[in-house]
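Pasting a structure here, questions to come.
Chain IDs A, B, C and D follow the sequence of writing; residue 1 opens each chain.
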Amino acid sequence: MNSFGRIFRVSIFGESHGETIGAVIDGVPAGMALCEEEFLADLARRKSGARGTTPRRESDSPQLVSGLFEGRTTGAPLTVLFRNENRRSGDYADLRIHPRPSHADWTAALKYGGFNDYRGGGHFSGRLTLPLTAAGTVAKKILSGAEFRTSLVEVGGCCDPQRFAETVENALRDGDSVGGVVECRVRGVEPGLGEPFFDGAESVLAHLLFSIPAVKGVEFGAGFASARMRGSQNNDPIADRQGHTATNHAGGICGGITNNNELTVRVAVKPTPSISCEQRTWHTGHQAVEPLIVKGRHDACIALRAGVVVEAAVAIGLADLHLLRASAAPGTGL
Amino acid sequence: MNSFGRIFRVSIFGESHGETIGAVIDGVPAGMALCEEEFLADLARRKSGARGTTPRRESDSPQLVSGLFEGRTTGAPLTVLFRNENRRSGDYADLRIHPRPSHADWTAALKYGGFNDYRGGGHFSGRLTLPLTAAGTVAKKILSGAEFRTSLVEVGGCCDPQRFAETVENALRDGDSVGGVVECRVRGVEPGLGEPFFDGAESVLAHLLFSIPAVKGVEFGAGFASARMRGSQNNDPIADRQGHTATNHAGGICGGITNNNELTVRVAVKPTPSISCEQRTWHTGHQAVEPLIVKGRHDACIALRAGVVVEAAVAIGLADLHLLRASAAPGTGL
Amino acid sequence: MNSFGRIFRVSIFGESHGETIGAVIDGVPAGMALCEEEFLADLARRKSGARGTTPRRESDSPQLVSGLFEGRTTGAPLTVLFRNENRRSGDYADLRIHPRPSHADWTAALKYGGFNDYRGGGHFSGRLTLPLTAAGTVAKKILSGAEFRTSLVEVGGCCDPQRFAETVENALRDGDSVGGVVECRVRGVEPGLGEPFFDGAESVLAHLLFSIPAVKGVEFGAGFASARMRGSQNNDPIADRQGHTATNHAGGICGGITNNNELTVRVAVKPTPSISCEQRTWHTGHQAVEPLIVKGRHDACIALRAGVVVEAAVAIGLADLHLLRASAAPGTGL
Amino acid sequence: MNSFGRIFRVSIFGESHGETIGAVIDGVPAGMALCEEEFLADLARRKSGARGTTPRRESDSPQLVSGLFEGRTTGAPLTVLFRNENRRSGDYADLRIHPRPSHADWTAALKYGGFNDYRGGGHFSGRLTLPLTAAGTVAKKILSGAEFRTSLVEVGGCCDPQRFAETVENALRDGDSVGGVVECRVRGVEPGLGEPFFDGAESVLAHLLFSIPAVKGVEFGAGFASARMRGSQNNDPIADRQGHTATNHAGGICGGITNNNELTVRVAVKPTPSISCEQRTWHTGHQAVEPLIVKGRHDACIALRAGVVVEAAVAIGLADLHLLRASAAPGTGL
């Protein structure tokens, strides 16, 4: 449920307005140099601050409280904690009775019998992607040969990066929000990762990617465009003994196994459901549809901050498959 | 690896040209009436025979060899076996040295050190979707209130069902193949299914869906189209106390939890990589790129047969979440 | 539930009087030479035939129906099937209403709402140790350097192997049964196996050992005798750089991790609950305590046949830890 | 590895001399009243202070930092943290080169390539039983009908509780230590718990019990004594329609399933390996056997403090099986 991975296993805990959120990261090989500063670059990529992102600011300082000794990982679980500093919860008093459309307010209340911490989305808040990002930093260290390039390739239907800012600005002006598409490309992925039938590389990565709040679609390589091609166009002929292919419609995964080509995945991020303009939605107290204005200021385009989170999900999946691969290689048991 | 599920747990085994393939299905509640005939309707939907599907024919008779007693499930694992009758393997002699583009021939050989059963794709064959389909039949019985409607909504880029046959026919004529998009809609899904953070309903279903050979994209509700919308368009206002929403861009899942609206998921299926026209690809024996003609006849459009398999994957995931939900309901432990 | 292991993962299915029982063994490294004949020696050790064992005879011929190609494992799941030949079920007609003491008849009926296959104990029968034994054979091949010596060290309280036959004979004569203690010693176990905190070697092995029907106690090294010693007696001083210890009260496991000394474990096997002499136990039909004579002939001492099963459980656990160890070794991810 | 449980899932992290240790407890049903004070009684039972226990004192104040809202569990993971206050590590400088007999110093160094945190045993310290105890408190709340009675039944071979203090005192005087046997009895266990084949109640409980440092043996009911009985003595005749038995040699578990009788389990705890008297053991620096005096003062009888930890392990296992049972009950999916 709140943990994932077979060997590199990440457990996430915390709530938007709780005291502490964090991750316990099990299966980290011993002897890897690591310090708190190494998390800062990824955490900064996730931070708000740009136009179109929430003005809620947190210092987001990671504390490594276990699994590290004399600057190296020990083989015991690595625990990273973050304190929530901005915990004003007055803004959220109505979510219980007037759940926001397309947020988890209603489903969480249903599932947990109304006992969920609803403040700021509680356990369903995008804030939980903070420890996920930290786990991604560790995963990328394990995958030392892999080079990640993650970018926003679409914002609100616009594919021209020059015009992304303007698109977000327009939405902001209207008290609205926009979605986007994040693309993650990874070079230098070890071939042979993925454990069919059920744990192929696409299955494992998609599982993790869909756990990121707001993700509604995942495609590898040509993805949905493949479905519109003929086999003669879509097939990737092998061009050399290393398995490099002339084209890469498969996105680096064939038969669920990485094939020594660049891994490419695209992720659809829906527009932030928190918008300033008025919505009409069910009021559970009054038992009627009533107008709702979501207070406070929010990300107008959560996709702007999602890149490093997507990258973390991909890295976590690949790190687990990498450690599994080491165990299952032919001849291991011979 | 070859099993999936936390309570309703399916293990798949077998190869395209091995003696027997099958599934062990654990976690089936005791006391459910079941017989071999109940599998036939779904199995027939998966069968070849239509124009554009492979002429390989198998009787595909399911044998239930454990877990059933006096016509009812016992609570012990249910095992279903299928014999492979069509096991001519002469056609595949070259795959070892001349791996087919966009098949798993090369990646499987790499991963398993050349020891994989390469005949007909071995464990990577679409034939493994036969036991998956059978497990789906059992899952649908567990989800007795749910109504599945699965259809092919796109073939080779064409969205008009009237013209699907023609599109396939054209590809066949050219010795080529086409991809497609399968849509699965489920009404009557129990609300509250899904176990965030990592086991939200989208994560679990996508994990299973990407394990189906040839699937390259998965989207829920509006999916990639959501990424092009504004929040005010994409948000689904709640319309009544049951949580029904005025629109359903979320595809019935919000915050990773089913929200009492129709579940909708679309799956991109790539064109069959086996095509009759000549391809030029690496020959590992000669260490050079050489022409390859894939012999035998194959599905020109595997998407034609994929619907029931997609449905099975969705049902297996929902059945597991349903059984988990029973255990985690508020008050269970009080 | 019916599967165990993280990488080397065994799923068991079947019932005493069902058509087929078997195991799906996942995570077997590719390239290992294997044939059906290799299972016969272990299966023969489990067979009945000796004085004090049941006269039920089965050929117990293993069929490998997946995961093997050209005499070697492929990396795909290995499936071994056994047909049940002796399926007379008339003898068991009363177990439903007159459950046998210390058998699973009553608990299985309770748990599965009366839908369990009660014939011969169904899924709870000792017959399920047949596929477990086969999985053990595969595990031992993976642990190629390990040497197993398993023996019966106690029968009915008697520790002198010369008198075991007589002890069993006496019980037989009285229509009674006796228990025993099986000891398994393994030399050449790779040091470093075991994954604390929760998956130490003792935890993993005990989990598997207690899944064997009739096992009621497990102790490693000096075990319960350790609890009676002082630290100065029980401590095992290290004697050389390989970690060999002067004594081996720990049974080769320290801190949950194998320490390069002989692994020793002892397992208490209760007397077969099927006895010929009269018992007085609850009759669910008559709602009263009534006399019960268990019909048919049974093992007077199941411990006589348990050695190879205990050995299989130990081997399965060690094989899984061995494959895990390969993945988690220091430096793996560096 | 460092987490256990299928639904009620406990992850443990931390080291003896690290900053913080704790547990993330997933799968806790929502709506359960809980506060930090409720942990104190169990934590006090684990505390040192009595004669024969270590004089290391910690306040052991639990901090609940997630999963709780307005005094009730939310359904999200419950995280409990403890700060280590007593972190003097000077005493342990030699363990790296002169590993203590029957401690994990040598095996941990081997397994983790010398990168383990060796101070005070690091992740292998008995201190890790502190978060385990806290998880046990939560588990016992879930099992609201169950009544636990846990006691020390043997100390250093002495079975008379009146003489336990004297036995420990004698060992202390000699700079030595003694082992003991802890018995845990649970009344009011729901019948039907346990998931054969591999997850029978004995398997799950033994797995958890052997994860407690210093445990070397586990037996249920009559355990090893069963192996010395005849079937006619050991069998437990059923006496009423609730399944109560005239005797309880099975310890409340039959066929791996709880049978509505008192659950009884006995656990062998070895003598504390830290003793004051001189030992001769390998010095990895000098590559020779050399005398070792373990500095500091330690528990002369760790079994004195183990009761509540054993109880926690039993409770955690039963809570998980209880939540699983809710999901798998006959008819759940009908």
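FYI, a residue touches a chain if its C-beta (ideal position, glycine included) is under 8 Å from a C-beta of that chain, and two chains touch if they have at least 3 such contacts.
It should be emphasised that the depicted structure is a prediction, and the values quoted were computed from it without experimental measurement.
Trainee: What chains do subunit B and subunit D have as common neighbours?
Mentor: Intersection of subunit B and subunit D contact lists gives A, C.
Trainee: Does A-C or B-C have the larger number of C-beta pairs in contact?
Mentor: Higher C-beta contact count between the two pairs: B-C.
Trainee: Compare the two sides of the subunit A and subunit D interface and say whether they are made mostly of the same residue numbers, over half shared, or of different ones.
Mentor: same
Trainee: Taking each chain's centre as the mean position of its Cα atoms, how many Å separate subunit A from subunit B?
Mentor: Measuring from centre to centre gives 25 Å for this pair.
Trainee: Distance between subunit B and subunit C based on Cα centroids, please, to the nearest Å.
Mentor: So the centroids are 36 Å from each other.
Trainee: Starting from the mean Cα coordinates of subunit A and subunit C, work out the distance between those two points in Å.
Mentor: Going by mean C-alpha positions, subunit A sits 44 Å from subunit C.
Trainee: Enumerate the residues of subunit A that touch no fewer than two other chains.
Mentor: Subunit A, residues with two or more chain partners: 1-3, 7, 12, 27, 30-31, 75, 111-113, 115, 123, 329-331.
Trainee: Would you pull the subunit D residues touching subunit A in the complex into a rising list?
Mentor: 1-3, 7, 9, 11-15, 18-22, 24, 26-27, 30-31, 63, 65-67, 69, 72-77, 79, 81, 111-113, 115-117, 119, 122-123
Trainee: Enumerate the contact residues on subunit C facing subunit D in the complex.
Mentor: 1-4, 12, 99, 101-104, 106-108, 110-113, 115, 123-124, 128, 154, 156-157, 171, 174, 176-181, 191-192, 194-200, 202-204, 206-211, 213, 215-224, 226-241, 243, 245, 249-251, 254-259, 268-275, 277, 279-282, 284, 287, 289, 303, 329-331
Trainee: Of all residues in subunit C, which touch subunit A in the complex?
Mentor: Listed in rising order, the residues are 6-7, 27-32, 75, 141-144, 319, 322-334.
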